[in-house]
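Dumping the structure here so I can ask a few things about it.
Just so it is clear, A, B, C, D, E and F label the chains in written order, and each chain counts residues from 1 on its own.
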Amino acid sequence: MCSPSCRIKIINGNTCQPMTANINGSAQAVKFPHTQIVTVQPRTGPESIESFYDEFLAIPGILEQIILDTESNAFILACWGDPGLEAAREITPRPVIGIAEASLYMANMLAAKWSVVTTLHRVRDMVEKTVHRTGLTGRCASVRTTRLSVLDTERDRTATLDILTAASQLAIQEDGAEAICLGCAGMSGLEQQLEDRLGVPVIDAVAAAVKLAESV
Amino acid sequence: MCSPSCRIKIINGNTCQPMTANINGSAQAVKFPHTQIVTVQPRTGPESIESFYDEFLAIPGILEQIILDTESNAFILACWGDPGLEAAREITPRPVIGIAEASLYMANMLAAKWSVVTTLHRVRDMVEKTVHRTGLTGRCASVRTTRLSVLDTERDRTATLDILTAASQLAIQEDGAEAICLGCAGMSGLEQQLEDRLGVPVIDAVAAAVKLAESV
Amino acid sequence: MCSPSCRIKIINGNTCQPMTANINGSAQAVKFPHTQIVTVQPRTGPESIESFYDEFLAIPGILEQIILDTESNAFILACWGDPGLEAAREITPRPVIGIAEASLYMANMLAAKWSVVTTLHRVRDMVEKTVHRTGLTGRCASVRTTRLSVLDTERDRTATLDILTAASQLAIQEDGAEAICLGCAGMSGLEQQLEDRLGVPVIDAVAAAVKLAESV
Amino acid sequence: MCSPSCRIKIINGNTCQPMTANINGSAQAVKFPHTQIVTVQPRTGPESIESFYDEFLAIPGILEQIILDTESNAFILACWGDPGLEAAREITPRPVIGIAEASLYMANMLAAKWSVVTTLHRVRDMVEKTVHRTGLTGRCASVRTTRLSVLDTERDRTATLDILTAASQLAIQEDGAEAICLGCAGMSGLEQQLEDRLGVPVIDAVAAAVKLAESV
Amino acid sequence: MCSPSCRIKIINGNTCQPMTANINGSAQAVKFPHTQIVTVQPRTGPESIESFYDEFLAIPGILEQIILDTESNAFILACWGDPGLEAAREITPRPVIGIAEASLYMANMLAAKWSVVTTLHRVRDMVEKTVHRTGLTGRCASVRTTRLSVLDTERDRTATLDILTAASQLAIQEDGAEAICLGCAGMSGLEQQLEDRLGVPVIDAVAAAVKLAESV
Amino acid sequence: MCSPSCRIKIINGNTCQPMTANINGSAQAVKFPHTQIVTVQPRTGPESIESFYDEFLAIPGILEQIILDTESNAFILACWGDPGLEAAREITPRPVIGIAEASLYMANMLAAKWSVVTTLHRVRDMVEKTVHRTGLTGRCASVRTTRLSVLDTERDRTATLDILTAASQLAIQEDGAEAICLGCAGMSGLEQQLEDRLGVPVIDAVAAAVKLAESV
């Protein structure tokens, strides 16, 4: 587990700089005082991951951020599909935590059934595969997609909040979800406002991963 | 998540006092400095939980420890079957974490497949049901039982270590386990020695639950 | 199997006396002439089981009814969650049958897919776990909950019948159910009227369990 | 459920007359006094069902025994694969019970995990499909095949008993079975001797189906 | 794999002659030039397979077409339930391909999730069992039934096309299907028009099976 | 489906040139006369894929071979994990077939249960994930790993054959496999000798994919 001088490196899977800043802000807000958080993005790769193709192009740059790092005690992959997670664990003995799996474990501790609310309809298959890989498909009430791209979530926070609220309400009322997992790193920071509107726990994947990384 | 004055109550499901002390020792060893840990046992109930019957008799006393408590910020159910977990979550809005689920999430972050090594053969069905309830059956390489009762694990630590080593080696060699979950609170404290012998991660459920409780 | 002097003890999981009487009436109506039925309720415990907490508080009193009994040839747990079933089977070599599993086996012999129609929305998770424990999730078309509490089912039989009819029709039309399992012992006695309205088999769990207990 | 003048027709799926007589004997031994049992075999079809090909050739003759019957109150398909069960239920509103499903429900009421011990190795796939169709694969510890053909089980009862004992002991010791289902109608009558040797419940499928048919 | 003089026998499971002609037309249209296709129907059996009963009556006649054939290099079972497939493979070492499994493999290569659009509501269970037997239930978005009988699909092609379009659009919009499998041999020949209307791949099971039979 | 001038590009996932030549030889041997086969390897990437890390590094180079190609009618990913398959299908409307899924469909048409025999023990998790992604885990008897690296399979064909024979025999005798899938493109060409030794079908993944690519 993290010692007083613990350093955690968060790797945004996207090369979109404002998203890196947003992720860093969420992480700094929930970390223990003694934890040092450094948030980076790959040197090259797609601006945002909106498809399997984007994801596979991003992975070598993500893994490079681990290979070149000699200072951090743990790594967080900050893209909801946990891209390259198995490979990351092969190349370092230090803990590597995906934000998707972290948010699903947190949800599983809070609710019998939960839903993932995420970006464009075309990522449904990616999200379902991620839930499946983590092993928790049986506890997933639904995956609810929206008309938001990853970059949209950064651009208009008010519209994003409204769209997430509507999708989450459907998940709660029609699918039986008792908690909501935000299925994109770009949604980080909206969890409290969304929780106030919905009345059920809303899990920010970045915050969940920071807390688990401090625990491992 | 835990604030500086965070208080976590650990409830040993068994009324065996030495086991409560042992659990408390493991928890104190891994907690953050600012966390306050209080370890208790039910006022009445079976000395050790070795069957479904024992488990059901223990649950009302376990739940009473939550109902009567107005000071703690989070609760840990320290018996590997997570007895009464769903009910505990009904009666308090404060987080309640089972040591079984906590250890399985930790294992899932460390290994593609893991095994649970536990006590008597007759608890196999209980352990399999616990893994199933958590949703992670698909990642479980095997459940390996032994000739140790719960109370045996407290009595002779050297013999316990040898028996756990043998069972774990079978799990690694024959079942493909890449990590071992100790499937009984009474085994807490042996994880480091076992890890040294086996060369794969060994997860103590009590420690895993303390770290998760500090994170939630 | 039951001999001519066969005695079956039915244990209502709730301490609500009118429900015990109702269960007894249903059982007496379907038993073979030579079978002796005795219906009891725990000496202490919740009046009705409407949550996991209620269920766990009821189990010790249910198990006591088995331990103290030296005369009965078989036991029936008359609460749809089959509370304490595994423990009951540990403490006696005599057959113990849960009304939930009994009704699911009967349904499985009559229909490719069936639904469980039951009480309040908040028991959905309990009912799904019961179906899962029995092993028949793959044959379950749906679990349909209503706004009826367990005690409501005893109070206003006409309203109960109407509400069950509406929920069952949704299960048949939208979920593809070919038979309906009544998911609460308090609904016992309404099966014939409901079957007349719906045109598909309706299974009363108490009757199903009596017939299986006479068979084992 | 069966009235005092209840008549149950058992249809041996095989046209082997000694097996029909043996099945009839097992059924007569367990029926209630008032039940009338008639055991028949198809007019044409394979002498014994040892393959999928045999099974499909037998089904039209099995179904004919239902179509031509106007007197019976219930039917039992006495061949462990429950051949033609779905079709049988289409052509009559009277209850039709397969001996395989009947034995699995009985096993499920007696044991957390059970094994099916059956005939030649080449029927393993047939048996696994039957268990799967019933929905209970998750409760099946194993399918253990032997070097006995269906006709062998009728010819040498002592050798059959020895071979079943050996296979059952492996199921108990290596696969964790807590009860044994005899996976062939031809094994009917050996259950008591086998149970005495093994010390766990042994379920004769014909007897299980008779008791369920009397209950439905 | 097929040599230049390859001969494939297609066995229509139904004895409806116009359907045999239609199936033959679809097969001739997609075969390689050197492949010889012969399409037959059983000598006796139901005109169309609309139930499990029809299916079991058809199987002996289907299998006879294999037993009597000494010339063909491969067989195709042209009825969507793949009736008698396991038995067919027992009685000949030559490849036997079911049109249902062939269409599901093709769908699996084209789409993450696909739906089966088929005939009357009462065949839903048959279709789900077929998908399950092939092993691909997890990739099946839905089974959509219609008010078309098997014979209807031959009688009014325009109405059939409209009904299939409506059902397929629901599968795409509500169930997330990315491809459509036509779940009846009688629908063969409509795939191109349907694909033009829907904008997603539509798989004709007969064509899929011919291509796989040429490949094996 | 392939027209007379059909061109299929096979992309070896490894940059090991002798393996590309071997794959090409296997493909040329089974193709139809009119089919044109071109076998390439990525311009950059790992010499052989022996881990998740290797696989993720190889994918961008594999995808580049599709993006740059304007002549081929279909693509085959010739590395058993089907690396980048979902992304490949995003970037081209032309058919893309993975050799792993192709071999599993072929196995599923030939055997009720089959095993994958493959390279080093550490790729077991990769292979199991590939089988799972294809949806056919329920039909997989076992994954048998060996002490062969991917490059070993090219170096010493006699030793490779002996090691594959031993592993396959265990799969047949202990796991109930009725067919063997060779789980590495480097094993291509050994299938006939292995089939002669084993007496059950042995499926070469490259050949399976060529035949399916000609069919789609």
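In this text, a residue touches a chain if its C-beta (ideal position, glycine included) is under 8 Å from a C-beta of that chain, and two chains touch if they have at least 3 such contacts.
Owing to the predicted nature of the structure, the values given are computational and were not obtained by experimental measurement.
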item	value
Any chain that touches subunit D and subunit A	B, C, E, F
Relative to subunit E, chain with the most remote C-alpha centre	B
Chain whose Cα centroid lies at the greatest distance from that of subunit D	A
Interface sides of subunit A and subunit F: same vs different residues, half threshold	same
Whole-Å gap separating subunit C and subunit F, where each centre is the average of the chain's CA atoms	53
Subunit D and subunit F, separation of their C-alpha mean positions in angstrom	43
Centre-of-Cα separation between subunit D and subunit C, whole angstrom	28
Multi-chain contact residues (two or more partners), subunit A	86, 112, 125
In contact (per the touch rule at the top): chain pairs	A-B, A-C, A-E, A-F, B-C, B-D, B-F, C-D, C-E, D-E, D-F, E-F
Subunit D residues touching subunit B - in the complex, by the definition given at the top	112-113, 176
Complex interface listing, subunit E residues touching subunit C	124-125
Subunit A residues touching subunit B - in the complex, by the definition given at the top	1, 30, 32, 86, 95, 97, 101, 105-106, 108-110, 112, 134-139, 211-212, 214-216
Contacting residues of subunit B [partner subunit C, same complex]	51-53, 55-57, 59-60, 63, 84, 86-87, 90-91, 125, 129, 132-133
